[in-house]
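What follows is a group of structures, each given as structure tokens.
Here come two complexes built around chain A, the first alongside chain B, the second alongside chain C.
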Partner chain A sequence: MKIIAVCGMGIGTSVLLKMNIDQALDNLGLEGDVEAADISSARGAAASADLVMTSAELVEQLGDIDTPVIVVDNFVDQAEVQEKLQQGLEL
Partner chain B sequence: MSNDVLPVSAIRFKAEAADWREAITISGDLLVASGATTDEYTEAMVKTVEELGPYMVIAPGFALAHSRPSEAVKRTGLSWVTLAEPVEFGSQANDPVDLVVGLAALDHDSHIQVMSKLAGVLANAEVLAQLRASTDPEEIRAALLGD
Partner chain C sequence: MDWLVVVLDFIGKQILNVPAYLVGIIVAIGLIALKKSAGQVIGGALKATLGFLILNAGAGVVVAALDPLGGLVLAVTGAEGVVPTNEVITAMAADQFGAASAYILAIGFVLMLVIARFTPLSYVFLTGHHMVFMAMMLAVLLSIGFGDQNLWLTVLVGAFLLAVMMVVMPAFAHPWTKRVTGNDTVAIGHFGTVGYIAAGAVGQAVGKHSKSTEDIKFPKGLSFLRDSMVATALSMVLIYLVFAIWGLIALGPDAYQYMPGSEDGGAFIMNALMQGLMFGVGVSIILYGVRTFLGELIPAFQGIAKKVVPGAKAALDVPIVFPYGQNAVLIGFISSFVGGLVMLLVLALWLGPAFGLALILPGMVPHFFTGGGAGVYGNATGGRRGAMLGGFVNGLLITILPAILYQVMASVGLSGSTFGDADFGWFGSLIGLSVQVDSTAVGAVLAIAIGVVLLVLAILWQVRVVDKGWVPGEEHQKFVDEQRAAAKEAEKAAVAAAKKTQA
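The block that comes next holds the complex of A and B.
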């Protein structure tokens, strides 16, 4: 399973989100590869991913992609990240 | 981890900011003051919000101000700014903002340890509330740099 955490630059907020997705996967007992990506490389990265997670502001800029996209409001709320992850993966 | 990542000179409490631009500029000026960046990086942080929107407001009241690695970044650095009055960034989910952490990164990897520490602090509501109310720079440094 591959999940992309998207932010504008790929160094700040997506890194925090990636860390929390890693933790959520761990909590759920799932194996997964989580990658932080900036908005310009996210479309390409998303093509080979199972799920994209990002903020409401960046969804529009991602444009039309075939991979499911889940919006996270609070990147550091472990409970929300885990819930959205389950929702996105239809667990 | 080097303590230079967040020196006392990069920490400010109850700063006066009229809007999000001023709030980000203060966080950028602190990165400059502590030797992590040049003024160009501060301008780039403001431009990032102008171009991509307030996505860096990632938790209630919290903005992680940053831009991309560039020549304007001299070393990995953080700044910590609490605001006297919260400001609107235009974030639907998380406005208004009363805490801005400035981040300067040299590349995509060298600041991961710092980020991991920051993620731990942000994820713990109790610790975060305490730091938000703190006016002791050493308390902030201990939380973000300590073991």
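The block that comes next holds the complex of A and C.
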């Protein structure tokens, strides 16, 4: 399973999000590969991913992609990330 | 015991002197501490190392794209002087002082972990290239101050000073860093810190009721500029074209030599355009590299933090704050550049003739990274006005401080370039002046005393200010929140009104 964490530059907040997704996968007992990406490269990377997680303001810029996109309001809120991840994976 | 010296020398020069390996080793230690499998340790360490090398490759592209611009600006404005470039001065010093700097780097890093473990200053500085530059600067200044025969004194004092700088600077900046990031997860670990603190303080003074740079609404047609790849390339192309056309007008065909391979005016302009695009390419590569190695490094760092230094914070390179104010980065860069030009003028007209200081020309790279950072800090406490004036003050600092440091370094025989970022300037000047006294013992005591004073000040600051939860720019944050809430209300009202008319 591959998940893309997206922020504007793909450096700061998406790495935080990636760490929290890693932690959430761990808590759920799942194996997965999480990658941080910026808005420019996310569209390409999303094609080979199972799920994209990002913030509300960036969803619009992602445009139309086939991969399901989940909006996370607070990247550092571990509980919210886990909840959204579960929704996204339809667990 | 010759073999031991050879082995240590090899590790120092060939492994610990290469930031990419250092990052890989740190990631490996972190992953081992996290009890990851051997495959994950090797993969993570290798990916971090590759990411760092990608970053270096991108930096090479950026520097190559900026080089012709530097010559062209020089030619059309007639300004001559020194462009401070950390890489150049480090390379120049590496032959003579490389070994000393490697020892300082290795011992300083361990000492930093010890200080982080046993004092309230629990920051772990992870900006590899700045560690290398600072170690090199200390190696040069102390080797010459103490003499070649006192290598171990140089190494021990240098390692202590390096360790102190790596924990005190993130601590001093931390209240402002918390305002920027809005949380307490990372610290800034970059030796341009004085510029960021100054920008934060200036922002607070001037911008209580200035709107955030991030609330600048670009017209719909301009929203493509929010993509950093597009914005960076476009702005650099414009800067390049302005100077290329200025060059053609001012110099005529003589301008061609500044763009290699230009036979006529058309080729000259198109080469300038290409260099502007290549700058955008370089920045994209840098960002890809940063992403790759931070993606491994930060999680691995938590491994070290949890086991070796419990509760420690990662102090990271300045682009870590860029996502918190992408418009502020651009505004800070431009106003820092303007600040650099203003201080250059002051140097040329007053300080140069009066005190013999060198003319420090604005380098695009330090102005982009530290100016961009200052813009973000200024915006966090003082909105648009804060970003503009914060960047400007940073520009003044990274021009006057290298001018003073250049003077100190030139007096020990190292000229041609100098270190560009603010902290190298003030710290290097202080240390350089104190070890140049006649007695080696007095010089060593003075240098250590500076380190101890910084350490004590930082511990007091950490305990009395940072841990008490003081965060600057409260009033500005309130103003921005109100503004955003009002904008949201207005939007809602507009939507409701539109619905009504439809019905």
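A few notes on this one:
Everything that follows uses one rule, which is that the second predicted complex is superposed on the first by the 91 of 91 C-alpha atoms of A that agree within 3 Å, B and C clash if a C-alpha of one lies under 4 Å from a C-alpha of the other, contacts with A are read in each partner's own complex, and residues count from 1 in each chain.
Here is the rule we use: contacts are C-beta pairs under 8 Å (C-beta built on N, C-alpha and C of every residue); 3 or more make two chains touch, one makes a residue touch a chain.
None of these values were measured; they are calculated from a predicted model.
Looking at the shared chain after the overlay, A:Gln78 reaches chain B, while chain C stays out of its contact range.
Touch criterion not met for A:Leu28: it reaches neither chain B nor chain C.
Once the two complexes are overlaid on the shared chain, A:Ala56 sits against chain B while remaining clear of chain C. Legend: residue contacts after superposition of the two complexes on their common chain; A:Met19 is shown touching both chain B and chain C. When both complexes are overlaid on chain A, the residue A:Cys7 reaches chain B and chain C alike. Shared-chain residue A:Ala47: touches no atom of chain B or chain C. With both structures placed on the common chain, the touch criterion links A:Ala37 to chain C but leaves chain B unconnected.
Looking at chain A, you'll find residues 7-13, 15-16, 19, 36, 38-39, 61, 76 touch chain B in one structure and chain C in the other. Of all residues in chain C, only 181, 183, 185-186, 223, 226-229, 284, 287-288, 290-291, 294-295, 298-299, 302, 319-324, 326 touch chain A in the complex they form. Chain contact summary for the complex, chain A toward chain C: residues 7-16, 18-19, 22, 35-41, 61, 76. Listing the residues of chain A that touch chain B in their complex gives 7-13, 15-17, 19-20, 36, 38-39, 54-58, 61, 73-78. Within the complex formed with chain A, the chain B residues making contact are 48, 51-56, 58-60, 62, 64, 66-69, 91-94, 103, 105, 108, 111-112, 115-116, 118-119, 122-123.
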